[in-house]
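In order of appearance the chains are A, B and C, and numbering begins at 1 in each one.
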């Protein structure tokens, strides 16, 4: 009885995993095939006749994927560090100190969770133009920080609220300064929560198509997502190149996710975001 | 708001530390509040302001009051497209609520069963699509659903359903549903993860008693666990609502800004993009675009307000 | 100790500042904005090196954006003052708007401009005809590309009239191995551009019909437009399975894999098809309605190029444009990009026989441009968008040809004064 239930559970979960993974596998599989191989039998494994890495060679030669990748990495990395740092600082101040306007400030910061910054694109473009930041990675970083901070502060506040008060209080009794308490005591404690923030912040930034398109579409500042989109536009009928580009775009973010997923679940189960 | 945060008096909280120096408070809050105010709040306010302006015959911007909104709601050249996009967007949201969230709850429930093997693998695999960009998601599903290359038709024929296949993405009646399901496929991992975390955080002692009484996992899930994770499901619902009502990428990637066939996949995000930036020979109209954005803003705020009211009322009801 | 927090903040801020662009290098190259990302290799490998042979001191860089995002991102960059020095111009209103907004400079003093036909210049000058703000670069011609191997196998001859065209399609369909027509309606623009604008000029008599629409002397609900849509509706049974979900790329792939016999085309496909197809292919102009004497083709002025008014290199940009009016450029361009036909009056020899075939139609038939481009797409609803929508719907069978034509007329009459009388 119990075993039967177990098999059914595994069948359901495994079935869903197939649904989740099959399309991804399809892309990777077909990126190693010729055009004829792909359209002759999209579900078949590459064989001697259909195997080809021409798509990958084309991607390497036909585009600056290395540059795009570096751009994405810089934008995502810097945004992430800034969001985590600024977010943790604000979350700490909001939950550790009592001051006038605290509730109002919390509410003010929460607007950003509810309303997408994309609706303010018009003014952002004008402002970035005024600051001569159009077509710079800095423009993207600033927008992404502003976009991600509310959710980060929300997640981190929930987490910080669970830190026993004795910890910082004990440090205070020892005469440790407030900033030191934050950096030496609090930050290490909220590491699992930072993993959650990282996933929730990183994925949308890495995959964003809108702001790179509007703010930094230039050759030098193109992100990987935009670069792949553009590459697809350019080689729209060169399917093996397109699939190779897609595969190359899947790998880094999936790898980052896999690397962070253990921390992520630790963070989730340690109580944030209940 | 900078007045609020540099607030003169720092009160002594019940459990808080002694008065933190104002400099400390400012140092902690300033970076976040500054970047957020300048690059998020100000642009949103500017959008609302722009929606009340128009370009006059001389090419200058002038105040137009609510004229843009009146046009949007009552001029058939605009209102037809607007109501169509709103209706489509609502359907988009309903499909997410009806499909994504139940699947997420079911998967989370299965994943939270005690002693489950390969839990980490399942969790990772199910979440993986959420890390993909829409460029990939749109492309893959178009390939799979294409009537020309035979992926899905071949699969359906293999199980005897070949006759049921149709070019769903190309039909007015089904294109939006298919796109919604593509979006569900991509994002189901996020609510699944949140609900899963909530489920495993339920202390064992709450369920132990029921176990001792001989209740099965199924019953325990329905009578004890599900009510306990209701707040998380509420949170997931509102996140879905917000996400759906400013969705854009997937439809744009698959169907373009003209959201065919016959605007049957047009949602507010694509309508906004087309209005603001223009399309092919259609010139962009920033003021009308801002009006569309403002309406989206109001819809989302209204949704959040309804959620907060309903949610808080229920909380009050259950914990008097 | 307190410093450590400020230091962290400072470090992050400093990093942000570092991301801003470093100081401008000494010799900024001229940058060309374009939506022709397909042509990047040709510009950087052929055209610019040829220019540099003559003008070694002027560095030029071709920096295209994805076609679909070109207009939005160009506008953002123009507003932000970061757009390139040379700007590839869409025909008619899109560029007129840029000129009126002060983003493009007048080019009337360009010496080589005299070598361009009036029709070509019409696409890039003010309504009163006084100022030209982009140099015409190329036009594209519509027609039908067909797979010669399939035509030989099925012993088909090239159709000249509409009845012959449908007889040919019937034969291909009856034989059953090939899709007669490679076109889909998923992207909508194929239906409008390769369908409606391709076959329509034969019905509305090219320029004559187009001018009458602009002046208000003809209606989109008139017989020529209904007949155009009616022919499109008749295409339906000959399209591929599930054509409603077939994208532009699908159509291209279907044809170049040898699975479809006829491809409603624009001449710009030639270069790409040469790369992809392993069978010989040729082209025929849109078949004329039975009994018609004259044939008309869509010879659409599609690409121009202008100078960004905010450019700091306007002098050099002018040198580049002046070079673009020469025979040397025209020959290079036409042969590097077969299917894009230069608009100057230089006598050219085209190496690609199919490109030459398309070009020969200019002698056989009368040329016109797409009828939605000049003036008629200035209002709401936008005529070009409406033609996309209606053409796709008529082919899909969700709108009758007559209802489609009425819808187009209604949309135009909603805002265009000459049609409100």
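Definition applied: a contact is a pair of C-beta atoms (placed from the backbone, for glycine too) under 8 Å apart; a residue touches a chain by one contact, two chains touch by 3 or more.
Note that this is a predicted model, so its numbers are computed, not measured.
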{"item": "Centroid-based (C-alpha) most distant chain relative to chain A", "value": "C"}
{"item": "Chain pair, most C-beta pairs within the contact cut-off", "value": "A-B"}
{"item": "Interchain centroid distance [CA atoms averaged], chain A/chain C, Å", "value": "37"}
{"item": "Whole-Å gap between the CA centroids of chain A and chain B", "value": "16"}
{"item": "In chain C, residues with contacts to at least two other chains", "value": "2, 5, 9, 12, 68, 72, 253"}
{"item": "Touching two or more other chains - residues of chain A", "value": "39, 82, 85-86, 89, 126, 142, 178-179, 182, 229"}
{"item": "Residue numbers of chain B (touch at least two other chains)", "value": "24, 27-28, 31"}
{"item": "Of all residues in chain B, those that touch chain C in their complex", "value": "23-24, 27-28, 31, 59, 77-78, 142, 145-148, 166-172, 255-258, 260-263, 277-284"}
{"item": "Residues of chain C that touch chain A when the two form their complex", "value": "1-2, 4-5, 8-9, 12, 15-17, 19-21, 37-38, 40, 63, 65-69, 72-73, 76-77, 79-82, 248-249, 252-253, 256-257, 272, 276"}
{"item": "Complex contacts: residues of chain B adjacent to chain A", "value": "1, 3-5, 7-18, 20-21, 24-25, 27-29, 31-33, 35-36, 38-47, 50, 103, 106-107, 110-111, 113, 116-118, 120-137, 139-141, 143-144, 149-151, 154-155, 185, 189, 193-194, 196-198, 200-201, 217, 231-232, 242, 246, 248-249, 252-253, 272, 276, 286, 289-290, 293-294, 296-297, 300-301, 304"}
{"item": "Of chain A, residues touching chain C in the complex", "value": "35-36, 39, 74, 78, 81-82, 85-86, 89, 125-126, 128-129, 132-138, 141-142, 176-180, 182-183, 213-215, 217-219, 229-230, 233-234, 236-237, 239"}
{"item": "Complex interface listing, chain C residues touching chain B", "value": "2, 5-6, 9, 12, 68, 71-72, 75, 92-94, 97, 100, 184-189, 240-247, 250, 253-254, 372-373, 377-378, 380-385, 388-389, 392-393, 396, 398, 414-415"}
